[in-house]
Amino acid sequence: MTTANQTAIERYRNNFLREVEANVEEGHMVKMCMQCGVCAGSCPLGPAWQHSPQKIFMMIRAGKRDEVLGSDSMFMCTSCYNCMVRCPRQLPITHIMHGLANYAHRLGLAPKGQPTRDFATLFWNNLIKKGRVNELTLTLRHYFRGGLVAGIKEALSMQSIGLGLLLAKRLNPMEIFGGHGVKDLKGFHAIIAKAKEIEDRKKGFSA
Amino acid sequence: MADNKYAAYICSGCGIGDAMKVGQLENIAKKEGKMAIVKSHPFLCNAEGVQTIKDDIANEAVTHVCIAACSRRAKTEAFQFDGVAVSRANLREGVLWVVAAGKDHDEVRQEMAADYIRMGCAELKKMTQPAGNRKEGSSKRILVVGGGMSGMTAALEIAAAGYEAVIVEKTGALGGMAAQLWKRQPFKEPYSAAQEVGVGETAAKIAANPLIKVHLNSTIAETSGAPGRFLIKIAQESGAVSEESVGAIVQATGFTPYDVAKLPKLGGGQPNVVDQAGLEALAKTANGGAIKRADGKEVKSVVFVQCAGQRDETGTHLSYCSGHCCGTSIKQATYFKDQNPEIDTVVMYQDLRMPGMGEDFYRSAQERGVIFTKGKASKVSGGDSCAVTFKDLILDEENTIAADLVVLATGQVPNAGVDLEAWNPVVTAAEGGDEAAKVQRDAMRTTSVLKLNYRQGPDVPQFKHGFADSHFICFPYETRRTGIYAAGPVRRPMDILQATDDATGAALKAIQAVENAALGRAAHPRSGDLSFPKARLEGCTQCKRCTVECPFGAIDEDEKRFPVFNEERCRRCGTCMGACPVRVISFENYSCDTVGSQVKAVEIPDEDEEKPRVLVLACENDAYPALDMAGLARLNYSAFVRIIPVRCLGSVNTIWITDALNAGYDGVMMMGCKKGDEYQCHFVKGSELAHYRMSKIGDTLKQLGLEPERVQTQEVAITDNTRVVKLINDYVAELDKLGPSPMKGFG
Amino acid sequence: MAKKEYAFYPGCSSQLKASASNYLVSTNSMCQALDIKLTEIPDWNCCGASIGYCEGGELPRVAINARNFAQAETHLPGQDIVATCAACWLGARESKERLDASAQLMKETNEALAAAGLHYKGEVEVRHMVEVLIEDFGYEGLKAPMKKSLEGLKIAGYVGCQTNRPFGIAGESFENPLYLDKMVETLGGEALTKYEQKVTCCGGALAFSEPEKSQKQIRDIVESAYDHGAEMIVTPCPLCQANVEVYQSEINKKQGTKFNMPVVYYSQLMTVAYGGSAKDAALDGQLIRTEKLEKIAGK
Amino acid sequence: MTASIATNQTILVVGGGISGMTAALEAAECGKQVVLVEKAPVLGGRTARLYRYFPKMCHPTCGLEINLRRIKQNRNVRLMTMTEVTAVSGSRGNYSVTLKVAPRFVNEHCTACGKCAEAVSAEVPNPWNYGLDKMKAAYLPHNMAYPQRYVIDPSIVGTSEGEKAKAACPVGAVDLEMKEESVTLQVGAVIWATGWRPYDANKIQPYGYDRFANVITSLEFERLADPQGPTGGKILRPGDGKEAKNIAFIQCAGSRDENHLRHCSRICCMASLKQTQYVREAYGEAGKSTIYYIDIRAIDRFEDFYQMVQKDATVSFVKSKVAKIVENKENGNPVLHGVDTEGYHRYATEHDLVVLAVGMEPEITGVKLPDDIILDSSNFIEGSKDGGMFGAGSAASPLDVNRSVQSATAASLHAIQIVNKTARAEA
């Protein structure tokens, strides 16, 4: 038997499904999908998905590890929860999509430069810094993610909005120098570190 | 009979009295109808009106009553009198409500009503109240053929109702296919795990039940007789023959799995490719431990290929779905998962069919990690490592999947015995002296399950795909062999749960059959009817039409080829009466005369009156109700028609048609049920036979010098209340164009 | 003593000078009129928001929410946590339900909290301000402090996603929730009940990362409001408010539309109806000013 | 009707649909005494309101006619309409059943002449047509109504309309003084053939049954196709009365859905396949049917019917649970959004009319039953603890007509076994 054939044969084994069940948030529910496709049709960003959630579930069962974990589809999730409330099998699809994206991201398999992946990373880093989100630095970092020139261009294009928010007292330029934050930052960080440590241990990232 | 006394009661209620001259109708009943008593009443169906009739029955010794009021379908209970023959003249739905209102129509309305009075009286004169109750069949024991789950259930249910049951089982033990199962699909909540089959307990209950007798290693050598008096010859494997008298039969002969050898493309016959029964055997051997293949290797991965040799549109394999196989494969997948969750189990399906609560079982298998793949397998190869090549219908790609074992979900093939459609031409050829056909006939006979000695063949007629099912949705047990009821997978593909329910239903029908037989009553759909066909054999020409055409195989032939009527098998449809060219067959209350006299009672106006007369013979099951409902909706049709309800178009004897045409009717229209594959006829072939017979009437018409259009046969559904009106009116218009019948004035 | 007291979880965007500061200001005014006392959870932190999934993972997000719970449980015992932000409410409630459902998760979470000397007993209730208004006051109760009617105002109720799914407000459907309409009617305004984009996603956090895809959503939301004759949109969610209001100018620029549809919070409507000034209702905080509402407020 | 008609050898059948009629008749034709009670003013139940049956495309009223004829001539069956069971006490072989008989306001004198309906002008929604049209407040429920007796709607009792009906009756059958009655019966066994009802389509929010006029249920569609229905058999959509030629059928509307009904309702796939043929019957090649499905459950020989429909060029199949429906405001057409999962194809397809193949829910859901009754978690009747009461037909499981009759026949035997035991004990 050739290697290619072996791969094809292995493909439909449950291995990748087991990996997902073990390591992905709510991954144990993937097997419950009955391929009705209501999730695929419910997503506001549906047309942007290369693979719909229901198809991803089938791909997981079919062992298509690289295609799933390398896909940008999960990053199209707006967390609107439409799929989840309509799923006749009550799969927590939103959470599974988040979980798959997180897993792919952590494994480094998620597409590089995927804007939502980058923004989401930025967001988390921003919030853990002070315990609360700094909207200004988050926004600026986001616009400048592609380098200085692109950033200035994008920020300029949005400057009327920024100015408007400023005038409406809904953006504080002083936030750039610090801004809101939790007082017990040390404790906050300790909690996150501990939580991360536990989770990483369970999902095999600690090693 | 000298004792008969005839009375007619005319109701003037519901507006009849306003629209018709009731006095004149009374006179007609008296003078032309020769009724001894004629009364009219403003509200005949109320208690007082009915009492008038009852009083006359009691005090005046009235034996025959003509009710001229509403349709026979209305106030039926009010106008039932024990031991008294009743005819109904339909003045309300048949005249008042369908003839256009207003003075312009007074004359034709009155003529129509008058004719219905004449017809009601004429019919009554020819009727006798059926005596019934011949008490020929008095056995209330019930034979159950087959000792599988269906048969065992039927026997236990029969016994639980207090009746005796006799089981004939061809193998050496009870249990059938169910005994070969490791477990069965869950049949009550929580529908999450396979359950014990329970064959042992059921068989033990049967052994302990004094009302149940079991013949093992036995088959039926001959079945003769009729409900209430079947005589069964039972052949034992040893060669001994015993006899049992029974009143009814439940046929629970089950199924055989479709032969996997017919599926070489799907690996049938190759090592480590088994059917579902094969997997049950492996699971039984494993007895809860790891399931091993025939070569002793523990199975670590298994693929179930659904619809193997089923739902086949090429005509090569089974075209139907066997219903149970999705659930069976799910159950079998749980055998593996419950023993070792690490075993890869894939169910490859096209449509996963788990109706009702089965959905819960499907879910429970998914929870266990059984993988469901919507795909169509194109090739399976067996061997040490099996491979299934398939099209993944979701991912839209060709793929191959490896497994230690492949299970093919093949279908159920019913054990229904001889297919009569194939049997009959062989027998005809054999009777014609064809020696090869004789050999073939005898060979076929050995494959028979019931070995009925009926004129029409040794087994019950099959419906579709060889299953001994009913054609009727509302009446799943409406069989074509009275007193014989199929149950379980021989009737229809099914699982154990449905089969046990089915067996219980069939048990009831068998009990009902023995009770009816003992009272001389008809079974469905004319249940309770006490009439039965009588033949004046001295006039019989041994033409065999009645024995061939009886839809229920009720009529055998004696050595001289005279018909032998088995009343308990008869369903009282009258097809034999319609078939008989010499009109020697009749029922006490329904005969060539009861209808013929009505045909003749109608007054045929002269040609110059321009009042055509059209006879409508309407099947009482669908067409007559449709006509009634046209009345209920106050739809108008021509007042030139005269409608006679018949039991079935199959009972229509051509003499009625020729009599009508001879009498000067301008046309005859027959309204019957739908014929063909999806027939609606409650007596199976009545409508079809009528169409056939009428197609042959052309010569007669020619002899009379009449146009073929003067006789029409229509298929009518019960919902056709607007259509029947159109049919009638169009037909009257067509006849009008044709001009009056040249026979007028010769009658 | 106030009629009702709650542990308040304002969330990052509702802080002063943050993007939803007008929500905070008007909420405070509204609560005053209803005699509600809101006490901020001491030293609360961010909920992690949905978008936190990518880097944050599962347990860290639950843990930071549990930190808020532990604070509330300790310092504001017996008080329900009330959030105004849809994402905060969802993040918190999701965490609470998961903790309720899994002893293992509870154990791990408390292990993490212990690193900061905290412990969560599992006793909090997490509610949205809208739930409080509807369940604890009722539409009749919300009428009580009314001083002005919003008569003549045609308002499209835009519920969005996260106040609606997966939890939603009891008794309302996911596809056609009517509570904003009922609130508008309670305040005397004209609710555009047939407005069919009321649960369309605005793109959420993807407004940043996938602006074109999000703006297509926003365009539908605003366009339909115009189609139904709306004079303004009302929403319970800060991200919805921001996205739908802020990007109208962008859409106008790119697609030549002339959108200028005010987007307000229910708390602003209520503040005005309760007699508050434009400033109390933070109407000056609108990018697209709502003159009609300001006019009523000024009366 | 009084209690004297029944004894502990009598079988009570609750529900006069096809299952109840079958259970009652099969027992009666075995010689047993039966009381058949029906909540509605007429027999027939759910199936009598169907236009055709699958797979034969025959008419349910054809079987109804036979069953009515059996009932009319069988004196072992006592029928009580407008009657509900309010309490059951006692135990197997010896139950005491309390019945509530609602007033019909028309007594047994009624000849169905129709004068009352002519006299009355008030109209009420017609339940026979699921409220798709209105009927006179003095009415014969349908043209095969049995008992063939008019009913006066309670809404006109005590009004001048009611008096008009009374004055118009030539036989004094209208009795506006009728009151609700309570009756107690002794019976030996009880068969619950209480049937099913369509799952409330309003609850399936993404499909907008409550918002879009041109989204209807499969049962309403039966009435539209039926010549005896509100449109005289023309398939006209409710929104604007236009001919609906391009019709979407959405399967599993409420079934196989943990947000609604967990179970598969079994009949809906076949019902929709059947209904595509109504479209063909009405419009020939100009009709178009699309079935949106998860799995087509055309079990056993129904597969033949499925294969026949598959070959029909006017019918197409999309393997997809429709995500949501929006209305095209210009023409009132429903637009279906979703994904065909066989290969992942996104669609937004406009149809003239959407038919929701709504699931089956036991009619007794939410009704208080005797404590003894065992229900499964979907409220289907499994039986009773003392073994003297039985579920039959779709009250016991989601079943098609054929299987319901089979189930009712089986239940009938179980009831007979109980009363026979009593008879033997007393003999």
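Should a chain be cited, it is by its letter among A, B, C and D, assigned in written order, with residues numbered from 1 in that chain.
Note that contacts are C-beta pairs under 8 Å (C-beta built on N, C-alpha and C of every residue); 3 or more make two chains touch, one makes a residue touch a chain.
This structure is a prediction, so every number in the text was calculated from the model and none was measured.
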Central chain (by mean CA position): D
Chain pair showing more contacts of the two, C-D and A-C: A-C
Whole-Å separation of chain centres (CA-atom averages), chain C against chain D: 45
Distance from the mean Cα position of chain D to that of chain B, given in whole angstrom: 24
Separation of chain A from chain D, taking each centre as the mean of its C-alpha atoms, in whole Å: 49
Touching two or more other chains - residue numbers and ranges from chain C: 174
For chain A, residues contacting two or more additional chains: 34-35, 54-55, 82, 85-86, 89
Of all residues in chain B, the ones touching two or more other chains: 352, 374, 394-395
Touch-based graph of the chains, sorted into line, ring, star, complete or other: other
Every chain pair in contact, whichever chains are involved: A-B, A-C, A-D, B-D, C-D
Contact set on chain C toward chain A in their complex: 12-13, 15-22, 43-46, 48-60, 62-64, 67, 108-109, 111-118, 161-162, 165-166, 174, 200-201, 203-206, 208-210, 213-214, 217, 246-247, 249-250, 284-287
Chain D residues touching chain C - in the complex, by the definition given at the top: 205-206, 208, 210-211, 324, 326-327, 329
Touch list for chain C against partner chain D, complex: 173-176, 196, 227
Contact set on chain A toward chain C in their complex: 25, 44-45, 48, 75-76, 78-82, 84-86, 94, 98-99, 101-102, 105-106, 115-121, 123-125, 127, 131-133, 135, 139, 142, 157-158, 160-161, 164-165, 168-172, 175, 180, 182-184, 186-188, 190-196, 198-199
Interface residues, chain D side, partner chain A - complex: 206, 252, 256-260, 294, 319-324, 337-341, 344, 346
